[in-house]
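As structure tokens, here come the structures.
Shared between the two complexes below is subunit A, which has subunit B as its partner in the first and subunit C in the second.
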Partner chain A sequence: MINIVRSFINKVLRGIFKKKKNFKLGLYGPPNGGKTTLANRICKDWLGQDMGTVSNIAHETREVQIKEEISIKSKGKELTFNLVDTPGIATKIDFEDFIKSGMKEKQAKERAKEATKGVIDAIKWLDEMDAVVIVLDATKDPYTQVNVTIVGNLQARNIPVLIVANKSDLKKADIKKVQAAYPQYNVIGISAKYGNNIDQFYEGLFAIAG
Partner chain B sequence: MVTLQFVPYNEIEDLGSARRVKKLIDIVKENKIVLLQGRLKKEEETDLISIAMEEIGAKFKGIELAVINPEGKDKSGLKKMRNNFFGMLLGDRQGLTVIGPATIVKEIKKDPNKIELLTKEGKKKK
Partner chain C sequence: MPHQCVRCNSFYEDGAKELLNGCGCGGKLFFFIKKERLEDMKKIADEINLSDKDKEQIEQDVFDLVGSEIDRDQPVILDLEAIRVLRPGKYELDLVHLFKKEPLIFRLEEGKYMIDLVQSFEKFRKK
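For the complex of A and B:
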């Protein structure tokens, strides 16, 4: 009952303040799913510039990054939002994994320290979001506990969610598996790197922005 | 050797969210794998991740987490409503939550009604 009342109040407040404040669209997901690559794709398409650096080594994004006032247009509609690119959410971080990726010990320890703070910040920012795109790597198991926990939390907070099955350009990508794991959500297969199916993704953004 | 510690739901039901999470993390930090009856609230699951991150240091590298939820897709709306209602009143005692230290547990795979726990030594337990 408390949840129902809270959900109702959230919806009412969201409706009242949605037009007045800046709409925040968050990119969430596990490390190396392609959140920053997608953020760069969105920024390149609509602002003509990149948002952040990408890397094959996990936890490249260790601070929440915001790009303000992005306006996208589709089929006569316009949507303006602040894009929030968040560090990948993980349950464990070991500096030795970074050393295995070729880093020096000091650099690896620093990266691990920043990455743990990044995860905490990303979770704190959940409450600030008006809508969230969960970016999953379509070549990996979609049903990990981290993914389930992120989805469950957004559901509990009544935040609209769009799930992106990224890296569709790779042979191992299995979009249907991601769709089967989250049947209650709109799951769109894309390649943020090459822009495959990106128009459908933008349509999905309009849908979650209401 | 791997130590499993079963935590019945009634051991955490009277605790507030912060103390629940701390109790579980403290057990995991003793290099034990927690088998919690039922599951934490969704917000507590993210708190668990946040606290695990805060605790990371020389010996503690974080956690591996898995929740087995017996709620099948075939469950009727009425049954779901009843479970949600009792879950709200009494806590979610259904299912099983496994939390292990990342230094010992390499990966937890769900399939979806069994858990495969892969330890760093390469042994497989069920």
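For the complex of A and C:
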């Protein structure tokens, strides 16, 4: 009898503990793909607030940002997760690129250093993730070393992946090219900025979280 | 395995006393270099003439990158093959190396450090 009571209590406690461990959804990708714009879209849609600042100059997000307990609903289902927005992953970070965008030298060098640290941090966080959304710029070549490395490493770690081909509102965007580059994944074309096709994106989230 | 002073570019063999006490120039930060890459490194060191100010800046930046938890008065040996600082503000990152969870810094005994920036990857290895 005592054993039955004990196992019942254990079950209940485990249930509570499980609920407390929040599902972590990471946004990964190269700089300026629109990770923070998508994070802001998700936060605006479900929490009514922004998550971070966005900029045309690359490496705007240089620290990992977390928004806790976002609940999204679709077709009677509900999904609660912690959203983790990460700095853009790059193979080369050069302060002169920032100077071209109108930044002062000292500020540009500081940004380059912080961006480099950001890449290390983003990679460090990868193993914490339960699922990852890779945000790619659909106007750019999808076959880059950065993209292939991210996709390959997620696959090796068995982390569920959803690929977003962002900026579908731009004329140069080629969603089909991104789909052709990663045929083994669900690739959804969206515009995080304008919310185009965002419902299909939320559907995709349920698929990788399930 | 050779080591190179971040500040003055001098090379030291494994076990050299400078690695324990600091380089003659006062620098206490050393790059750890694989033997097969030594010749390349020497060539690069000759080609890129960094000013003293640049070297100091790189040293400062590397300290910032590896974290504030290290003691700056003790010699530190870096295995920064994953990240190359070409000059202040110019970085090249070897993503394959970074994703491989290899440590960026080694701590040896007697005041040398190993800081595993990618320690969280240990979890993955255990899985």
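We take it that the second predicted complex is superposed on the first by the 190 of 210 C-alpha atoms of A that agree within 3 Å, B and C clash if a C-alpha of one lies under 4 Å from a C-alpha of the other, contacts with A are read in each partner's own complex, and residues count from 1 in each chain.
By definition in this document, contacts are C-beta pairs under 8 Å (C-beta built on N, C-alpha and C of every residue); 3 or more make two chains touch, one makes a residue touch a chain.
These figures come from a predicted structure and were not determined experimentally.
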Side-by-side fit of subunit B and subunit C on subunit A, or clash: clash
First, second, both or neither for A:E128, with subunit B first and subunit C second: second
Partner chain in contact with A:K92 - subunit B first, subunit C second, else both or neither: both
Which superposed partner A:A108 touches (first subunit B, second subunit C, both, neither): second
Touched partner set for A:Q155, first subunit B, second subunit C, both or neither: first
First, second, both or neither for A:V119, with subunit B first and subunit C second: both
Partner chain(s) touched by A:S55 [first = subunit B, second = subunit C, both, neither]: neither
Which of subunit B and subunit C A:Y143 touches, first, second, both or neither: first
Of the stretches 2-10, 56-64 or 92-100 belonging to subunit B, the one that collides with subunit C: 56-64
Common ground on subunit A, meaning residues reached by subunit C in one complex and by subunit B in the other: 89-94, 112, 116-117, 119-120, 123-124, 126, 145-146, 149, 153
Residues of subunit B that touch subunit A when the two form their complex: 41-43, 45-46, 49-50, 52-54, 56, 61-67, 88, 102, 108-110, 112
Touching residues on subunit C, where the partner in the complex is subunit A: 57, 61, 64-65, 83, 88-96, 98-99, 104, 117-118, 120-121, 123-124
Residue ranges of subunit A touching subunit C (in the complex, touch as defined): 89-96, 105, 108-109, 112-113, 115-117, 119-120, 123-128, 145-146, 149, 153, 157
Residue ranges of subunit A in contact with subunit B within the complex: 1-3, 89-94, 112, 116-117, 119-120, 123-124, 126, 141, 143, 145-146, 148-149, 152-153, 155-156
